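In what comes next, chain A is part of two complexes: it sits with chain B in the first one and with chain C in the second one.
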Partner chain A sequence: MKRRTISLVLLPFFIIPVSIAFSAELSGLDIMTNVDQREDGDDQISEAVFTLINKRGKKRIRKTIRYWKDYDGKNSFDEKTVIFFKSPPDVKNTGFLNWSYVDIKKDDDQWLYLPALRKVRRISSSGKEDSFMGTDFTFDDMGDRQVEEDTHNLLRSEIHEKIDSYVIESVPVDKDYMYSKKVTWLEKNNWIDYKTMFYDRKGKILKTLKTRWQMVQEVWVPEQMHMLNHQSGHQTTIDVSNVRFNNNIKDNLFSKKRIKRGIKK
Partner chain B sequence: MNNIANKITEKVVNFPKITLLLTIIITIFFFSKVSDLKMETNIESMLPKKMDAYINKNKLEDIFGVKDMIVIGIVNEGPDGIFNLKSLSLVKEITDRLKLMEGINSRTNDDLVSLSTLDNILGTEEGMEVTPFMEEFLQTMEEVRKLKKSIYDNDMFVGSIVSKDGTATIILAEAEDGTPLGELYFKVKGAIDEILKARKTNDKVYIAGRPVIEGVFGLYMPQDMQSMLPLIIIILVVVLFLTFRSLRGIFLPLLVVIISTLWTMSTMAILGIPMYTITTMMPVILVAIGVADGIHILSKYYDEFLENPGEDRKTVVLNTMHEMNAPVIMTSITSAAGFLANLSSQMLPIRFFGIFTALGIIYAMIFSLTFIPAALVLMKLYAPRGVVKRMKAGDELNKATFSGRFLHFFGNYIFHRHRIIAATTVVVIFVSFYGISTIYVDASLLSEFRKDSPIRQADVVLNKKFSGTTSLNVVIETDKTDSMKSPDMLRKIDMLQSYLEEFPDVGDTLSISEFIKRMNRVMNEDRSEMEIIPDSRELVAQYLLLYSFSGDPEDFDDVVDYEYKQANIRANIHTDHSRPVALIIKKLQKFILGNFPSENTKIYLAGTAYTMHSFVDIIIRGQILSIIIAIIAIFLLTSFEFHSFFAGLLNIIPVSLSTLVIYAAMGLIGFPLEVGTALTSGIALGVGVDYSIHFINKYRLEAQKHQETLTITLNTMVTAGKAIFFNALVVTIGFLVLLKANLYPQVKLGIMVASVMMLCFCTSVTLLPILINSFKPEFIFPKGGSYEA
Partner chain C sequence: MLVFISMSTFFIGDFISAAENEISQINPVIEMFKDKFETNGYLENETAHRVNAPHIFPKVHNLFQLETWFNFSDEFSLYGLTWLKYDAAYESNNYSDEASREYKTNFKTKDILRELYVEGSISDLSFRLGRQQVIWGEAVGLKITDIINPQDLREFILDDFIDSRVPLWMLKLEYSLGKYDIENLFIPDFEPDRPAETGSEWSLPSPFSYPQQAISKPGDGFESTEIGLRLSRFLGGWDISSSYFYTWDDSPALHIKEEKSEKKVFPEHHRHHTLGFTFNNAFGKWVPQGEFAFNVGKFFRIEETEVAEGVTRKNNLFYMTGADYTVNDNLLVNGQFIQQIIFNYEEGMIDDEIENIFSIFFQSNFMNETLKPDLLILYDANDGVFLIRPKAAYDLTDKIKLTLGADIIEGEAKGFIGQFNNNDRIYFETKYSF
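Coming up: the complex of A and B.
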């Protein structure tokens, strides 16, 4: 199954094939297309801890469990996701349901269940440049961005942090985009991007993303993603654990009714 | 002291060329350093670091990221107000331009707020919708009408982003840390002017906000001083020429002033001490004071050789200096001490102002005692032709010039009509005490700009259209994480907001409670009766989580801290005058004491309004204290210098009276006491004491030569009195130039200094002879007759 919407920065829950054909004469676009075109599982269950730290060192820690299923165009759905909050206690069992569609022009449908209100409420979907769940990541940073939205240049090959890497510069086609460019470091032999620097519209460094990877069921999955906003001093760490692929998750988990019942026991 | 000075005089007179050479060499050295002098125009940097307003302001910035914003108002008085395609495109175009401007913080939508960056949170039947008001340029009037409806359906933005009547909207921008604000203002203004030129609209754009006011003020103050100083000097040249009618009469006092001011500023540069906004008036004050020594010396010099035509130039200079050394040293030291009283201030810039003005006075003294005699010795004896002619025709010195005749007449009048003058003085004192009782404190940075200046006009318009451009923050601090999620606490905050909004000067308020109420309404099918704080703490927490999804990580930061321990309630106030603000603060503090138990919660005030309030308080209190200290110091020093406490008393009477009258006049005219006037009124002491010392000293010298009190009075009048008169006249006219300055502090400085000069002159030459003649103090009329010096 080919994924369309994954870009150079990957959702922590997606999979990357271990080996991709390597050619000596790769262009920036070739490389990014290679990274983009990869296999993933049918579904995935994982736990993630979001640690938000402001510039004064104060933390907000949120533990979540996430269910994800790939629909690959079935009934025009692309994928469905449910996220439940495990902690802090005052938001426990708050549920978030997301349906995304194959048609890229169609906005995602999103619902939220607030246990204290005992109601599922539909919320309007966020833009690609908006913050992902109040973190330093945008939806684009989390993987919504497509390869053709940027022009990619292979800047150089280098040994960076002891890793034999490609360095790719990606400049958005849309000049009004929130970043003026991104620079990504990719590990040559397994196509893993482990560092990305984001530049704001004035050309100043805005954010740095660093990703540590783990191997689960023969695929690379991010273990920790760390995004630092240099301008605000705010940072977000996402630690991913207990990743399980291909669990045969039932379709009815991804429904308004189901998210009211909270975390699956 | 006097002996040492006389010895120095002899050396100087014997080696005039070496003296001049040395002066030139040292001056060249200082001149090479003066360009290192740094300007510090940031008003915040003047606050004492331990002052609670400063600490609170920093906390507010640190914890809540709250900074004063640049406010750009777009006003259209047409039938549709700003709800037309042109005005709305203008909003977007200016916002887009600012987003890319160096020095403007555009990190998040919180840093740059306008209709084109704001999201609207709407309640729908199914749930909640977050949509941008105007992400793209609008194309049709239908879209405009839709936008208008969505704004007025959500009262959070009415009065704060769009005016109630729909004729105005604002763009709020935050300056990046360390950006020079004055320059930024002109950059923003330039960009907007460019946009306005390109698209022909009937919109008016106004730029206001605290950073702009402070920035431009900080930029204008030194600029104004730089442009005013040469003007003052030109006027001094003219007036000095009219009084002395000779080149040396112009250039010697002026060179003393210019060189001593240069030395002072270089000394600051060498010590690495910057020039603050408040101390930019120092050079002007130094000019006013420094010119006195030269005038007195030259006046005596002319008197000396006109009365003794046979003397050679060396003798003339030596005799002049022998008489003038003592009063010049006395006046300089006493004036310097008067300015050193500013050391009692809590504010560093004011302390520096005191120290360096004192130093400048001492530099001027050194010059006057060395450079002037050295230069005079090298020059031929020369007197203005008219005076010489009249003297030859048989006139006395006192009748040879207009000023001489005037002062002679004046002295006679005072001598014979001392009862009328005494009675007048008593009446003036009584009226002054009444006047003092009517004085009030009211400072406003904005009022320091002229009424027709764009900044002041912008503020007036925006305050009329919107909820207010001056902020007052109430911060509630608890020691428990998540305490701001408690419904009880949120209701209390809500109550505090309602209380604040009752003040007519408070436009509106903003707090975390308002957001929670809004969320509650939106999540309950947008029913208006649900705009309340919910009872469940968990629900509050879940609303906050939900809200955090819709924005950036620090979206809520301006109303609640990261751990929900502290909340910030912001009130927008329509005025930046410290008087109404002081009233609000007083009542608010009482309300807080009565409504918030103090065990676990601490409440502090911050924001522009509070900073201004504390700033004014500290300066005015400090200035009153330093005036009292200065008077005591002058009393003790002059008592010591004349070896008589009565002399000390005589010396402080004219200055105290002048200060009293100045404050009383302010009270009676309705001129509030504020930062500028409080500072400049202190000058009365430093300058006024010069007059009385010169006068008393000359009086004593005359008393040693003559018996008749009338003769003594008249002789003193036409010599020292004349010099004082020249001094007052020269400086008064020079300072009236400041009436044309851009900023009111300068204008006020001009008025203050001019009136102080005239007042001190009047009180010295009237009260001193009357008091001396009535009491016949021993230090002037020693028992057993006169003695020879």
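Coming up: the complex of A and C.
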């Protein structure tokens, strides 16, 4: 098991060891540190279907395949991710490449392969607050957020939706961050975050994320995530499938050269 | 007729998908191979209308594109890209007085088998062999080191580069040596730029009144092969690359010679060397980038009074510096400064010694990225000419995209761009993807 920093918001790819113990004396920081230390394997491949629904009920579908590898500090890399789009047709083979570093002060390096141009474009990683491909998830929601980037406060314990839960309030250290705070409900006996509410900079409710989990290879991984934007009425559902761990993914997959070749069936 | 062509794009794609499902259900052999096949394609209609007189439709372009992959394995595949196209503008406008039979044909199918190659990889070595496009460079809207493939100039410089590049038969090798990524190109296939046909909307008038002779093209054989080499590396956050391309100029030099006491134009393609360099990095919201091409021994036109044959050989530098800036979730801005410098400039040369171009590009999105307007403005400072290209694309569904745009040229009727200042147009595109 390795210590890792992982976003509070999940994103399809976390797995949780069922054996983590808990103490009634835990602080908000303790709880989030335990969540952060979940095992997630050396690498991971998974597929996802994004269903985007506007307030009039009109649907759009995006399908992706994601490759992730933990570098655990090797050559100063924390992790690398590639996401390929399988559909819709006009974005098929679009590839997004992300390199993250152990040094949290160092911005991620990101590239986007655009099949319509047959070019790889370097993109700004400062767009973490931008929407991911038109969904209600931002790039930051889709990636890892360090525990230290927020101040965590245990608000209470309660039975919520029949689940014995911790309720954690996370306030970003950066006052210019897109959210003023997040409130998360965590299942006490297995550290699963099944509900998160996001508040905008004015303190108004912005989005609610609900996550349903599944057991894969005896490990908990998200099965479905649903994000509702209360202010726009738009919502996104991510259905995750075909999750596989420790595939010995080659380093050369996480390169500009490789993402130009697109996804292979 | 035009409405029918546009509307057909909405329905034919559904027929194709349904037929595909029917066939696979009937034939188990096809079903067995179906897993190895991937297809992608679209049916598109692009219709343009002139803003200035004559108020005609210079373009009623219908294109069916089909991409097919056959995956032998995870590492080896065969790729084909087919085009079937037909431009009804010829039928609707009276070009017959100025057009040749060949010109009529060019409104119809060309490049049926546009790209066809086999590609594969073994460890760090990958190859691609066949008819293909290779794209180098960073610039938006201009080609500086992106000179591997010639261009179809039927629509001047307004067509998407992915469509205007002419694929060539070549071998591309890519491999890594240490921290360097290396790309080699071997191109035995020569094709020149395809100028717009005489009398068409974007045809370039001949600068001479002398009769033009047949174009002298490179012969077949290894000695005519074009060779490219590019080294890339990620260093300290910088993406950098350097390149060398030993190439034929895709535009012929126009030699003026006397033959039997009559001056004639002898177009001839010549070799030159191009040394290239590109860079980019990301600093917060900024992504600075640059692209340089140093051409050695390129031919330029010169007044006959200075040099009898009307051409001279020079070295020149063509480069771009610029940056992307992410304003917010909805707006990206790209600005570029482009300059061309001719060294050892001679009096009487037709091109300016130093040419300056500025460009700015705005890209935005709304309604969860279903509506994507953008605007490109290019300014040729030497001629005082603007090229303004607004466009808005809307995803009606996941498969249907509608685009409305315009190409506007403002300024005096001179120079490379300004000569077409009467060709302003608006256009509408319907695209069905499957």
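Operating definition for what follows: the second predicted complex is superposed on the first by the 253 of 265 C-alpha atoms of A that agree within 3 Å, B and C clash if a C-alpha of one lies under 4 Å from a C-alpha of the other, contacts with A are read in each partner's own complex, and residues count from 1 in each chain.
Quick note on the criterion: contacts are C-beta pairs under 8 Å (C-beta built on N, C-alpha and C of every residue); 3 or more make two chains touch, one makes a residue touch a chain.
Everything numeric in this text was worked out from a predicted model, so none of it was measured.
Asks: Applying the touch criterion given at the start, work out whether A:201 contacts chain B, chain C, both or neither, answering first, second, both or neither.
Replies: In the superposition, A:201 touches chain B alone.
Asks: Name the contact category of A:116: first (chain B only), second (chain C only), both, or neither.
Replies: both
Asks: Tell me the contact category for A:107 with respect to chain B and chain C: first, second, both or neither.
Replies: Second partner only, chain C.
Asks: Given the touch rule stated above, what does A:129 touch, chain B (first), chain C (second), both, or neither?
Replies: In the superposition, A:129 touches chain C alone.
Asks: First (chain B), second (chain C), both or neither: which does A:61 touch?
Replies: second
Asks: Name the contact category of A:94: first (chain B only), second (chain C only), both, or neither.
Replies: Touch status of A:94: first partner only.
Asks: Pick one for A:231: touches chain B only (first), chain C only (second), both, or neither.
Replies: In the superposed model, A:231 contacts chain B only, not chain C.
Asks: Quick one: is A:85 in contact with chain B, with chain C, with both, or with neither? Answer first, second, both or neither.
Replies: first
Asks: Using the superposition on chain A described above, determine whether A:257 touches chain B (first), chain C (second), both, or neither.
Replies: In the superposed model, A:257 contacts chain C only, not chain B.
Asks: Which chain A residues lie in the overlap of the chain B contact set and the chain C contact set?
Replies: Overlap of chain B and chain C footprints on chain A: residues 52, 54, 60, 88, 90, 116-117, 119, 122-124, 126, 130-131, 133-136, 234.
Asks: Which residues, counting only chain B, touch chain A once they are in their complex?
Replies: On the chain B side, the touching residues are 62-63, 99-100, 102, 106-108, 124, 126-131, 482, 485, 523, 534, 536-539, 541-543, 545-546, 548-555, 557, 561-563.
Asks: Would you mind writing out the residues of chain A in touch with chain C in their complex?
Replies: 52, 54, 60-61, 87-90, 92, 107, 109-110, 116-119, 122-127, 129-131, 133-136, 234, 252, 255-257, 261, 264-265
Asks: Spell out the part of chain C that touches chain A in their complex, as residue ranges.
Replies: Those in contact with chain A are residues 35-36, 38, 40-42, 69, 71, 74, 77, 119, 124, 126, 133, 135, 160-162, 174, 176, 181, 232, 234, 237, 239, 280-282, 284-287, 289, 324, 326, 328-329, 365, 367-370, 395, 397-399, 401, 431, 433-434.
Asks: Quick check on the complex: what are the chain A residues that touch chain B?
Replies: 52, 54, 56, 58-60, 85, 88, 90-91, 94, 96, 111-112, 114-117, 119-124, 126, 130-131, 133-136, 200-202, 206, 229, 231-232, 234, 236
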